[in-house]
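First the structure, in the form of structure tokens, and then the observations on it.
Letters A, B, C, D, E and F name the chains as they come in the text, with residue numbers starting at 1 for each one.
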Amino acid sequence: MKFGIVVNEGPYQHQASDSAYLFCKAAIAKGHTVWRVFFYHDGVNNATKLTDPPQDDRHIVNRWSKLAEEHGVDLVVCVAAAMRRGIRDENLAAGFRISGLGQLVEAGTLTDRLVTFGD
Amino acid sequence: MLHIINKSALSNGSFESCLRTAESGEILLIEDAVYAATKGSALEAKVREAMGRFKINVLMPDLEARGLADRVIEGVSPVDYGGFVDLVAGNKNCQSWL
Amino acid sequence: MSDVKKFMFVNRKAPHGTIYALESLEVVLITAAFDQDVSLVFLDDGVYQLKKGQQTKGIETKNFSTTYRALDGYDIEKLYVEKESMDARGLTEDDLLVDVTVLTSKEMGALMGQQDVVLSF
Amino acid sequence: MLHIINKSALSNGSFESCLRTAESGEILLIEDAVYAATKGSALEAKVREAMGRFKINVLMPDLEARGLADRVIEGVSPVDYGGFVDLVAGNKNCQSWL
Amino acid sequence: MSDVKKFMFVNRKAPHGTIYALESLEVVLITAAFDQDVSLVFLDDGVYQLKKGQQTKGIETKNFSTTYRALDGYDIEKLYVEKESMDARGLTEDDLLVDVTVLTSKEMGALMGQQDVVLSF
Amino acid sequence: MKFGIVVNEGPYQHQASDSAYLFCKAAIAKGHTVWRVFFYHDGVNNATKLTDPPQDDRHIVNRWSKLAEEHGVDLVVCVAAAMRRGIRDENLAAGFRISGLGQLVEAGTLTDRLVTFGD
């Protein structure tokens, strides 16, 4: 089955990004496809390459980048939300791309299930 | 239909809104919503009543993180992240009650 | 895109306190532009989004509430409001910026069940 | 003491927790909490009752933004941002019920 | 800093769902290091922060709940829990990681009124 | 009177940053001093110079920078929260500085009132 995921919250503040990631890993482990993760609202803050969390904590941004690299997950950052929050190509982490809300609609039309994680 | 709840039902109205509105189907409690699945809380009677209409599931990694894995109300189904995926796949659609 | 899906936008939050109401309108317009079947439902504090007379000058933000009146021009006509949520807030249809269909909780629940994609705001 | 509430009391428990716990003093409703100051809501009786113990204030720019400036319950005091500042200055301490 | 102020940390949110519980502990430790008078109160979902037996391996986050047991070593000894919040959650003092003083809502309200600085988490 | 302010949420997503700013402006207009604004949790996202909101919307970050410039308000960003969220000196807006939680405690001890805005 083909899944689309929406992430509405930034890393560390809320559990949303963690839950979304663990859902993606579990879906892939079961042989499903995670076709796209759409980062919306404060969720765009998952995409900054400037994060530097404590050594003994998970690195949420790198975890997403790795998921993109290893499983071809399309990580899309909402452009309007990103501009409001200071996420641009210059601080964008590997595996993410910035695009419009049409990519969210497409995630709804072209996947079998769309699951939202947020606050 | 799968209804995903992620907020503590003792401080936020999402769970109650879901119970009031949703027809039937399945409910999955995740994140801070997992507390609703525990015995002894003020919500227990409401949850037991809702089990007549819904199949209620709880995400165990979230309940373990909160130290309450041993207090799940009888009849609530424990699932892991794989079970979460199965619930989404097994229902025609899903809604996150954010 | 050949096949049309039923998209429902569930608006449960008050306007202005958070950005969700504004963003919901953005996605609704884009989804309609993709020729999908679009429904907006308003329940809980979401019904406040449709209140007439919003004046945001004092908080220095955009007054996006006028956009609800423009939805019609984009053929977005399925707006549903839950009666119980309106009642609990002392609102009637006369208080709302646009014409809506008032549904009971149970009717709204049934409508949710018929959707392909449900997006929460 | 000044108690600042910023969440809608119909979907979040902060206002109720404040009423249950706080001794007396002043309450200021801001942001999405201003809805509690309006006539006709399910909270009206609770707010009127609380006025026996607390002086209740509402931030008008927030109520105007939400289109309900003409529905303030009698006895609730309207304030602007300057009045907000005066409330903080005029009370020995303050607490935001986030 | 010569004068000591009364700092109260109000913990009303469940752990793990948001970062507040963890951050509260950070500020509490720093405030104690500044030789201020520190009280922690737990009410509403905040009482869940003190639940024994938290195991965060399954959600891949840090289990900071052990830190509550270390507070004593920093002379942070004023921990208050609201009885009504504990009761509503089916928790008793035996469920908690640390020794606390249980207060009624009214007692907790009186304590709040005595503070100089109240920080909410 | 000397005020300290705490901002716990990022710009645009929640009203917290707007409310805090309008409170500061009103306090200054009344002759009070806003001695420090401490940006904590997601509040650190108020400090990125890379934001580029729509033309017809308020520019929350620039608004803070201007307040610092015109009224000497000390805008302090929590370093640990900033590292978790990708706020560093290289993307820090004018008027902000990054420092530790001790600055928050100090805002409590050295001001007459500390007011928190958040979610």
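One rule holds in what follows: a residue touches a chain if its C-beta (ideal position, glycine included) is under 8 Å from a C-beta of that chain, and two chains touch if they have at least 3 such contacts.
All values derive from a computational prediction rather than experimental measurement.
A.B. asks: Tell me which chains count as touching both subunit D and subunit E.
C.D. replies: B, F
A.B. asks: Just grab the chain with the largest centre-to-centre distance to subunit B, centres being mean Cα coordinates.
C.D. replies: Between subunit B and every other chain, the largest centroid distance is to F.
A.B. asks: Measuring centre to centre, with centres taken as mean CA positions, what chain is farthest from subunit C?
C.D. replies: Greatest centre separation from subunit C goes to chain E.
A.B. asks: Interface check for copies subunit A and subunit F. Shared numbers divided by all numbers used: above half gives same, below half gives different; which is it?
C.D. replies: same
A.B. asks: Please work out the Cα centroid separation of subunit B and subunit E, and write it as a whole number of Å.
C.D. replies: Using C-alpha averages as centres, the distance is 27 Å.
A.B. asks: Quick check: how many Å separate the C-alpha centres of subunit A and subunit C?
C.D. replies: Between these chains, centre-to-centre, one finds 26 Å.
A.B. asks: Where does subunit F touch two or more other chains at once, residue-wise?
C.D. replies: 12-13, 15, 19, 22, 41, 57, 80, 116, 118-119
A.B. asks: Which parts of subunit E, given as residue numbers and ranges, touch two or more other chains?
C.D. replies: Where subunit E meets two or more other chains at a single residue, that happens at 12, 16-19, 44, 59, 61, 116-117, 120.
A.B. asks: What parts of subunit D, by residue number, touch at least two of the other chains?
C.D. replies: 6, 10-11, 13-14, 17, 31-32, 61, 80, 93-94, 96, 98 - these are the residues of subunit D that touch more than one other chain.
A.B. asks: Strictly by the criterion at the top, what is the full list of touching chain pairs?
C.D. replies: A-B, A-C, A-E, A-F, B-C, B-D, B-E, C-D, C-F, D-E, D-F, E-F
A.B. asks: Within their complex, state which residues of subunit F touch subunit D.
C.D. replies: The contact residues of subunit F facing subunit D are 1, 3, 8, 15-16, 19, 22-23, 25-27, 29-30, 32, 112-113, 115-119.
A.B. asks: Show which residues of subunit C lie in contact with subunit A when the two form their complex.
C.D. replies: 1, 3, 5, 7, 19-20, 23, 26-27, 30-31, 33-34, 36, 116-117, 119-120
A.B. asks: Which stretch or stretches of subunit D touch subunit C in the complex?
C.D. replies: Touching subunit C from subunit D are residues 6-8, 10-11, 31-32, 35, 38-42, 44, 60-62, 64-71, 80.
A.B. asks: Spell out the part of subunit B that touches subunit C in their complex, as residue ranges.
C.D. replies: Residue list for subunit B touching subunit C: 1, 13-14, 17, 20-23, 25, 93-98.
A.B. asks: Which of the residues in subunit A end up touching subunit C in this complex?
C.D. replies: 6, 40-41, 80-81, 100-102, 104-106, 108-110, 114, 116, 118
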